[in-house]
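Listed below are the structures to be examined.
Two complexes, one shared chain (subunit A), two partners (subunit B, subunit C).
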Partner chain A sequence: MEITRLLRRVLASIWFTWLESSNWTHPLVYLGYVLVRPVFGTLIYVYIYLAFAIYTNAWNPEAALYVVGGSALYQFIVSGMSSVAWVVHEEREHYETLKYVYISHPRLQEYLISRGLFGYILGVFLMVVTITVGSILIGFRSFSLNIPLILIGILIAILWSSSLGAIASAISLFSSEYGTVIAISFDSFLMIFGDVLFPSEQLPSWAHSIAVGLPLKDWMALMRFAIFGIGTPDFSTIIVYQVLKTVIIFSLSLVIFRFADLLIRRKGYIDITTEH
Partner chain B sequence: MLMLFLKSAFARCYIRIKGGNRELSWLIFEVIMPLLGIAAIVYTYNFLGAPKAFVGFVILGGAMFSYWFNVLWGIGMNFYWEKERGNLEKILITPSPLQGILLGIALGGMFNTTIRAVTTVIIGIVIFDAKFNVDGILPAMIIFSLTIFALYSLGMCFASLFLKLGRSGWRLTELMQEPITFLSGQYYPLRALPAVLQLVASLIPLTIGIDGVRLSLILGSSLTDLRLHLMLLLALGVSTFILSYYILRLMEHRGKKDGSLTMRWM
Partner chain C sequence: MTTAIKTIDLTRVFKRGRSELITALDKINIEVNEGEIFGLLGPNGAGKTTLIKILCTLLSPTEGKAYVHGYDVEKEYSRIREIINMVSGGESSGYGMLTVRENLWFFSQLYGFDGRESKRRIDMLVESLSMRDFADVRLNKLSTGMFQKFHLARGLINNPKVLFLDEPTLGLDVAAAREIRRFIRRWIEEDPRRTILLTTHYMAEAEELCDRIAIIHKGRIIALGSPRELVETANPERVFEIECKYEGDLESVLRDISGIKASLRHDPETGLSKMRLVLVDADIDEVFRSLVNKGISVLSLKRAVPTLEDVFLTTVGVGLVE
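After this line comes the complex of A and B, so read on.
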């Protein structure tokens, strides 16, 4: 019974997110709108590689696949995580509806994560499109799709990245002014430390240690192997690490969110707006 | 009338500068955020094994691109935000001309973004050891000034358009980030693009500006070498500046006619 009600709430949140993000236009125009940014994002990375190759006359297809593939995989994480992280800012500052959600939904964190699920559905689609576009442009054809591994990777990533999104939301509950900055900071942080465009071994050693602690580095290795056949990672160890890191991040998000929830109620920040 | 125009511009410019810099943490975030993007691309070029000159390309491109963000979100979306907050109706009933207010927003935005862009370049030079040609500073400054004039004139056109377009304008603003990043050659030399795309890209002031500043500061081009850049930027700047005046009048008139000027969340 409780599960049925939970599923109904989750489905309603996904449907609501779809309506809120797309009701300004026709669904086909919306489809074009969501595709433009990731596709051009992929083109940017393809041309970064081409600029390097043309000017130095040193072609390195493996590196091109690393950069372009990484940026496509990152689309999935960012699409989902941002969907969670932006809700507080948008619903409190812009639509001024957070207080109504707060008094009508049993758990705010559950609501935020449910809202993010639409971003993950969209993210899978964006990931597929950008991988296809990127692969065509750099001339990569030999995919070695390991579907079970891809599905495991997607499922685990939804858990840890939406937990990270919930942490970002918990922090932004305290600040109306920095809501957007907090959400963007999490994306940028993962971009630098997550083996997205370059291996984190390129970073200074202290920064590399941060990268090792984050789940994105392992996840990228797992997905690069599962989709492109790059590298020979010990994927059973990676999955164990992914599960461990997910449990830690999820537990942290529960604690941080609970603490934030108590504090903002006490301080009366639920409906604070700063007109930014 | 001219005095009122200038006073309105000055007053709005003052608010923007004061508001944009009153909070030190804002300034820090607005410098760090573009730096993270720049750092990601610099490390990517390192990973690919690119020559050191690419670092300078990326830093200059990243710093100049912050003006585009300011033009889109700070200038283009301004009247829309004012409408959303319920301020636009108050602005409209004052004797201040909208054009003066828009000019003030643009000048304030230029000032604020310049502080952030210069800081980004300085930190970028220190961290990534980028090298620039000192003799190219004067031509770069001239190209840069014309680019800013053309960009902010374009931003004033956007402000009127987005006021009318409402939420669709907001989406359009989002859509003008990655495609313009791609076409402007923010992270790579423009010559890497196919000729047709270079032609399309040359209609965007930012593209010409980034290319001109890079040519002077990295490759040592003189003003004579950059005369085509100068002419294009001047032509784009003057035409969009004049256009912005008429578009604003048109959109204000239309908005009053169909009653959409103060309609929120649409």
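After this line comes the complex of A and C, so read on.
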């Protein structure tokens, strides 16, 4: 019974986020609109690679695939995580509905993650298109798709990245003006430490330790292997690590969110808006 | 009789700046019975909204306890949220780009109702609040009156046991406000287990709707009773209505006269002012002489039947702006 109610809430949140973000645009126009940024982002990376390769006459298809793959996979993570992290700002500042949602939904964290699920659905689409476009440009053809592994990877990533999004939201509950900055900071943090465009081994050792602690580095390796067949990771070990890190991040998000919830009720921040 | 709302020495202190403390609620003790419309009447900043926020689990008390149907607002907030809802006048409570129906459907889903039940509730609310003509119109296209009806419908979507209405008719024209008031009265009469806690600026609204009223001022309850009980506390011998004309600052003149509480209404078209006087510690002849001596032309002076407004004037010291 509780599961059915949970499912209704989740589906309604996905439906609502779709309406809210598409704003009645024709679905094709909307998809074109959301594709522009990630595809052009990848195009820039490809262009940089080509320019260097031509200039130095040093071609490295493996590095090109690393960048294109990382960029595409990152789109998926960011699309979902940002959808979670932006909700507090939008609903409190823009729509001024957060307090009504807060008393209507039994758990705010669950609501925020449900709202982010549309971002993950969109993220899969962005990932597929970016990989397709990027692969054509760098001339990569030999995909070795491991569908079960891809699905496991997607599922695990939704769990840990939405939990990170919830942590970002918990922090943004305390800031009416900088909610968006907090969300973007989380995205950028992952980009630097997550083996997205370059291996984190290139970072200073202390920064590399941070990267090792985050789930994105392993996840990138897992997905690069599952999609492109590059690298030969011991994926069963990676999955175990992914599950462990997911459990830790999820538990952490529950604790942080519960604490934040307690504090915002003490401080009366749930309906606070910026006044200029 | 079941108690729907109970507060025990409920206190809320806000911190302003680094060291200044503002006491919004100061040891509030109220007990609202199931089936009652309980009114909170007070000027701006009296603490009405703070009290509603605490009872709605949006804000924690600094000290004291508050219960809604026996559930502690601090420990059992999830239970409370299932049985309450809140409507605040003059606020946005929906998404502008969704229609009235879509908004209501979304909120019904947050409560986890199944599709058929949600549709039944939405149809019923659309019908009973006369919203059929604009049920499929986006929220950002609605007039203030229409929006407030939607607001009320959203507040009733979960059929709450306790409904908190914070200035529900704020900014509405007379007809729209009357319609909302009529609906509120009908809604509470439909089921004796329902309870409403209402805050308002409007005396007439409080008098018309509320079974009991608490007058709140500077975070404290200073009078409590049924509208009739409260009015009976005013001495009919000591309430007067004066019509006068004066070019200067009438308010400061009244402030200088000791032993009275007065509220003032000025009509810019006629240039006439109507004041309502409650004699606390003064004589009417004395007051009349003082007014005349200050150059005020008193056009009429008559004894008035005490109203809730006079009680408010006496207890709070200032009138409510209507």
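The rule is short, and it goes like this: the second predicted complex is superposed on the first by the 273 of 276 C-alpha atoms of A that agree within 3 Å, B and C clash if a C-alpha of one lies under 4 Å from a C-alpha of the other, contacts with A are read in each partner's own complex, and residues count from 1 in each chain.
Operating definition for what follows: a residue touches a chain if its C-beta (ideal position, glycine included) is under 8 Å from a C-beta of that chain, and two chains touch if they have at least 3 such contacts.
Please read these numbers as outputs of a predicted model, since none were measured by experiment.
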| item | value |
| --- | --- |
| Subunit B versus subunit C as contact partner of A:R265, first or second or both or neither | second |
| Which superposed partner A:V67 touches (first subunit B, second subunit C, both, neither) | first |
| Which superposed partner A:R37 touches (first subunit B, second subunit C, both, neither) | first |
| Touched partner set for A:Y95, first subunit B, second subunit C, both or neither | both |
| First, second, both or neither for A:M191, with subunit B first and subunit C second | first |
| Residue contacts on subunit A - larger count, subunit B or subunit C | B |
| Contacts of A:R8 with subunit B and subunit C, given as first, second, both or neither | second |
| Subunit B versus subunit C as contact partner of A:L203, first or second or both or neither | first |
| Which of subunit B and subunit C A:W24 touches, first, second, both or neither | both |
| Contacts of A:A58 with subunit B and subunit C, given as first, second, both or neither | first |
| Common interface residues of subunit A - those touching subunit B in one complex and subunit C in the other | 24, 95 |
| Subunit A to subunit B touching residues, read off their complex | 24-25, 33, 36-38, 40-41, 43-45, 47-52, 54-56, 58, 60, 63, 66-67, 94-95, 177-178, 181, 184-185, 188-189, 191-192, 196-199, 202-203, 275 |
| Footprint of subunit C on subunit A - complex, ascending | 4-6, 8-9, 11-12, 15-16, 19-20, 23-24, 95-97, 99-107, 111, 262, 265-266, 268, 270-271 |
| Subunit B to subunit A touching residues, read off their complex | 23, 25-26, 29, 33, 36-37, 39-41, 43-51, 54, 84-85, 167-168, 171, 174-175, 177-179, 181-182, 186-189, 191-193, 265 |
| Subunit A-facing residues of subunit C, complex | 14, 53, 56-60, 78, 81-82, 84-86, 91-98, 102, 105-107, 109-114, 154, 158 |
